[in-house]
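Two complexes follow with chain A in common, the first pairing it with chain B and the second with chain C.
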Partner chain A sequence: MFSFDLLLGAIVLGTLLGCFYAAVSIGLSVSFGLLDVPHVAHPAFLVLASYGVYLLNDRYEVDPLLAGLLITPLFFLLGLFVYRLYHETFERRGTDAAVRGIAFFFGVAFIVEVLIVLQFGVDQRSVTASYIGRSWRIGDLRIPIRQLVAFAVALSLTILLTLYLSKTFMGRAIRAVAQDQEALRLMGANPVRVKQWAFGIATAVLGIAGALLIIVAPVEPMLDRAYIGRTFCVVVLAGLGSMTGTLIAGIILGVAESIVLTMFGASWAPAIAFAMLLGVLAVRPQGLLGRRL
Partner chain B sequence: MKSKSTGVRFWIGAILFLAAMLAATQVIRNEYPFFAGYIILQFVVLAVAWSILGGYAGYVNFGTSAFFGMGVYTAVFLVKATGAPLAVQIAAAAGVGALLGFAVGLLTLRMQGIFFSIATIALTIIIETTVTNWRFVGGAAGIQIQRPPVTPPFDTYVQMLFFVQALLVVLAVAIARYIQRSWIGRGLQAIKDDELAAECTGVPTLRLKLLACVISGALMCAAGAPAAMYFQYADPSSAFNLNYSVSALAMSLIGGTAHWAGPVLGAILLGVTQQFLAVTISSEVNVLILGIMLVLFVVAAPEGLIGLIRKIGNWRAGRAT
Partner chain C sequence: MKRRALLGAAIAVAAIAIDAIALASGAIAQQPPIKIGMSMAQTGGLAGAGKASLLGIQIWADELNAKGGLLGRKVELVVYDDKSTAAETPAIYAKLLDVDKVDLLFAPYATVPTAPLLPLAKQRELLLMGNFSFQVNSKVKHDMWFNNAPWGPADSWAASFLELGQKAGGKRIALLAADQEFAQNLALTAREVAKTRNMQIVFDQAYPPNTVEFSSIIRALSATKPDIVYVASYPPDSAGILRAVNEIGVGDNVKIFGGAMVGLQFAAVMENLGSLLNGVVNYNTWLPEPSMYFEGTKAFFETYAKRAVEAKVDPLGYYIAPYGYAMGQMVEQAVNATKSLDQKAIAKYLHANEHKTIVGPIAYSPDGEWKETATLQAQFRGVKDKNVEQFRSAGRQVILFPEKLKTGDLISPFEAARN
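Moving on, here comes the complex of A and B:
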């Protein structure tokens, strides 16, 4: 049963998959990791973005990646709006914001799911592009081109966001607000505006991530439920708010899933992300490279 | 004095409720009201059970579906292995639920806020995946279950299940009410307000949370057990559906978690609306209503229906004087 080639293949494909996982989680790494917003609706917005891409691709034959880029401004606005609502109703009132916040985002996720179902139905949807459906052979290993495209875009997206957070003025302000909100206020900046901007960026990134999601595989409205586990697993394993950690954690998850898939079959795959998440929470809650909880 | 008289009134109310339900099963010939009523009663049990940990202690448990599904599959397993009667299935499910609650509590109750919630979702998916891979109870494809002959005085099996679920409602509410009024409830309330302060003043926080998790888990599992016979079919993805978790939470928050009547009210309101909508429009709109009501109440009425009723009461009292 066991063969070295199979394992090697699993590791290669897992690494590609892992970068993709990092790309879909990196927004959550900002919104939940840095801003402490219990954003359970993040995967629902991700699937929503995929449907946006599907719409543009299906109606106007726009390339999926370009379509992802086109819907990014809309998602930025969506992020601004959602954060404003969350801030006004939960953060400012202060009382058990966590409990109600989670319930709020679950409600939002359900609403998004159903709106997608009502608009597009429950069938799977996919996009068409020249690089989808072909694959690249190295020896016995077949790598689908769509995986390579997703890998490349995911990697650049993660690197760009990391640079943005460490090199630009606004990026540094975002990291500052995560470290000490009061200090930022004393410096004369408005922490709420900074957080709102950061949440906008975190949601805007979903435009591209959604394009990757539908490039890698067909999407269906309830797909966000599988990604709750994956995205939170990556963000917690990374260590809250660490962008480099997000990339490493994504690859670990991708390789783990792909090995389990080859060794034990697809029926065990959904539990991997959650089992890792539980393990991390129990053993090392600060994650790989994170700040202390 | 006052608490004693409300106690008597509560039990008279409970007996009247059960008598009315029993009378209904004898008088009404149409099957449909019991089909719909069963689901509503089931959600009352789930919401009340959820609020023991989620409402009183403020730990948002997303594992309702894990407990519910375990209840379903405990019943399935017993029916398949031994053909045990319904009462045994429910009792066994309650036992399994208590054990699971204990295990889940030990593993997750040291986490706080969203980490606890995420950990409970994680456990749900892990348990679901395990059951999916367990051939004996049908695996991913699910399993058909044959109903045994019905016991008199009931005419049909659904009527009997309906009455059994009504009994579970009374049991769940009585337990929730007892907890709310005893030192356990006060301790849980203290944990919700400020866990660190509670710990410092000598409240045995972990033990109280574990107790709440065990009781709430046992009730949720018991509520799930009759579902196997109700649907005559069980499969992992519907038995462990996340909708149960969100429904139980939404119903409790919509009703208000400060009083045991909150989840009951919320479950009846939402359950009746959903049953009505599922018949008249579609089950998708059902979930939409759930989401919208949840968001609306969390944003606009954080104390739930109970809070709204109290506010109106205060306002009236203020105007009268």
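Moving on, here comes the complex of A and C:
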């Protein structure tokens, strides 16, 4: 039974959900999209950040978003370290670095999962904040405030990263290394350092994204597995390395999922989302806003 | 001289006697332990309950060994992590049988990891003590299977919930179930029960695993204006569904909400959800209500509470830990009664007798399920935020079903019960 109200609700809620997808994928858009690092441990770091936020919220009653900001520098340092390790052990050694790199990052993801289990146990964890569990009413439509928070944060992250990559010297260096590493080397710059810095930023963003993850839903140590497909889907659909594309792709995915869940039946939602990815890639192999291949 | 010879002889006899006693006691000490083998989810999605179940079994084994063991032998648990997957369990149980040479088998926690083991147990004619599986023996029909779970007949779970809803005036049912075997089995029985009770199903959806956000689904559900909402969900989803219900609303018509939401039995989830739980009627297996205490129950939970902290497992442990202990008690009673480890004899005893346990008396029907259901339907009431200790008191989850364990009546409609 078609209902215009239901459709409108699905679009609004889907847009908010899509922004959340964009926020948890935007770091991967830098590490995988710009740097070509097969960072399958991205969702594991995301979950790790959620646990950091949980710790600060549970023990010291720090607001989850503020907690996300506080752990950002630590995640930046973690990113620097992990990239250096990856570069020294895999990337530097040959042309099949990407294939072997996948094994490296899967290994890292498993280690992160085990560390979380050892430290926090296997139970679900969640945080408390005034905006969790409440909704904003517009006519018949009720919008969860936590989703509005995700929307605002995703928008801010996209704008900040886009400005950083286009307006700052280091940002332009990151784009340059993504386009032609050898040319950058000939200019006297060290592409490895630039990539390490960029990977640090991609990981630092996860501090905030991890806060959103635990604001939107409870987390458990193996939750990263649910996000591997989703985050890579958003980044590839967006076009590798496009921050604005990541936001748009996230929204498209969220709206499609929400409409299918509401109007056609929940079982179809994942199939529709991934079928849409395949459809877009068939027409535009470079993704929505990606560089022409 | 003669006296010295007699004294020498006496010393020699005494020495031989002492040697003989030492030899005999050494022989007892050297008797190999009785090995009980199992896999248990210690990582992965089922690990929360798996670890609590294992702790319950360990408490039983430790107490038994402190009393002198079973048939004069210590009991040793041989446990492997099955990572919550069915792919791991056949190889683990083959190893337990052929390499570790265990004497008895306990099944892993939950339906999915257990399902592939039933054919193996039937083929080798092995006793298998089930651990919270749901209807895994319905097709295999192994006569040495004993499910250690209070589910009882297959439809009793849905029947009890829908009966409560019908008594409250409900007729229009919404079914929301995870697209996984356990939840789908429950949804299937709910459809059958609804048909026999002439109740109309107005919403029937299976949501895929890894669904992040339930707002859209709850909006679609409430648009159909149901008055009974039966939910069969898994832990991360249960929390997401309740949050969405709180934020989006499920409609004023709803008389009863819940039924089969896995996760709401665990301390961490209950603590996190806090007041969002109020009004929800959900299944459970043990609760700290006056009707639930039997011989040894209180002592068990005192020990469990201490050891749960060290083991970093669910601090309450109501859902499954006492059943782990009870599983050990049943085996202990059967082995002592038959005075053997003969699996057929133990199975025969388990079928023929009622067993006294800390979760109450247990008797089995021929299919290896409990003769009578003791699955509770309880309503959350007066729950406050961020306080796990409140769940140790009676009254927070009032038992509505079964009749013999009942401690209160349903508060309906759902919106009224939430306040």
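One rule holds in what follows: the second predicted complex is superposed on the first by the 269 of 293 C-alpha atoms of A that agree within 3 Å, B and C clash if a C-alpha of one lies under 4 Å from a C-alpha of the other, contacts with A are read in each partner's own complex, and residues count from 1 in each chain.
Keep in mind that, in the parts below, a residue touches a chain if its C-beta (ideal position, glycine included) is under 8 Å from a C-beta of that chain, and two chains touch if they have at least 3 such contacts.
Everything quoted here is computed from the prediction, not taken from an experiment.
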Chain B versus chain C as contact partner of A:117, first or second or both or neither: both
Touching partner for A:281 - first (chain B), second (chain C), both, neither: first
First (chain B), second (chain C), both or neither touched by A:89: first
Touched partner set for A:103, first chain B, second chain C, both or neither: first
Which superposed partner A:17 touches (first chain B, second chain C, both, neither): second
Which of chain B and chain C A:232 touches, first, second, both or neither: first
First, second, both or neither for A:38, with chain B first and chain C second: first
Contacts of A:133 with chain B and chain C, given as first, second, both or neither: second
First, second, both or neither for A:270, with chain B first and chain C second: both
Common interface residues of chain A - those touching chain B in one complex and chain C in the other: 113-114, 117, 267, 270
For the chain A and chain C complex, residues of the former touching the latter: 3, 6, 9-10, 13-14, 17, 20, 113-114, 117, 121-126, 128, 132-135, 142, 144-145, 147, 216-218, 220-223, 226, 257-258, 261-263, 265-267, 269-270
Residue ranges of chain B touching chain A (in the complex, touch as defined): 54, 58, 60, 107-108, 111, 113-115, 117-119, 121-123, 125-126, 128-130, 132-133, 140, 192, 242, 246, 249-250, 253, 284-285, 287-288, 290-295, 298-299, 302
Complex contact set, residues of chain C against chain A: 42-45, 47-48, 51, 179, 205-213, 215-217, 219-220, 223, 235-236, 239-240, 243-244, 246-249, 263, 266-269, 272, 276, 312-314, 385-386
Touch list for chain A against partner chain B, complex: 32, 38, 85, 89, 93, 95-96, 98-104, 106-111, 113-115, 117-118, 225, 228-229, 232, 236, 267-268, 270-271, 274-275, 277-278, 281-282, 285, 293
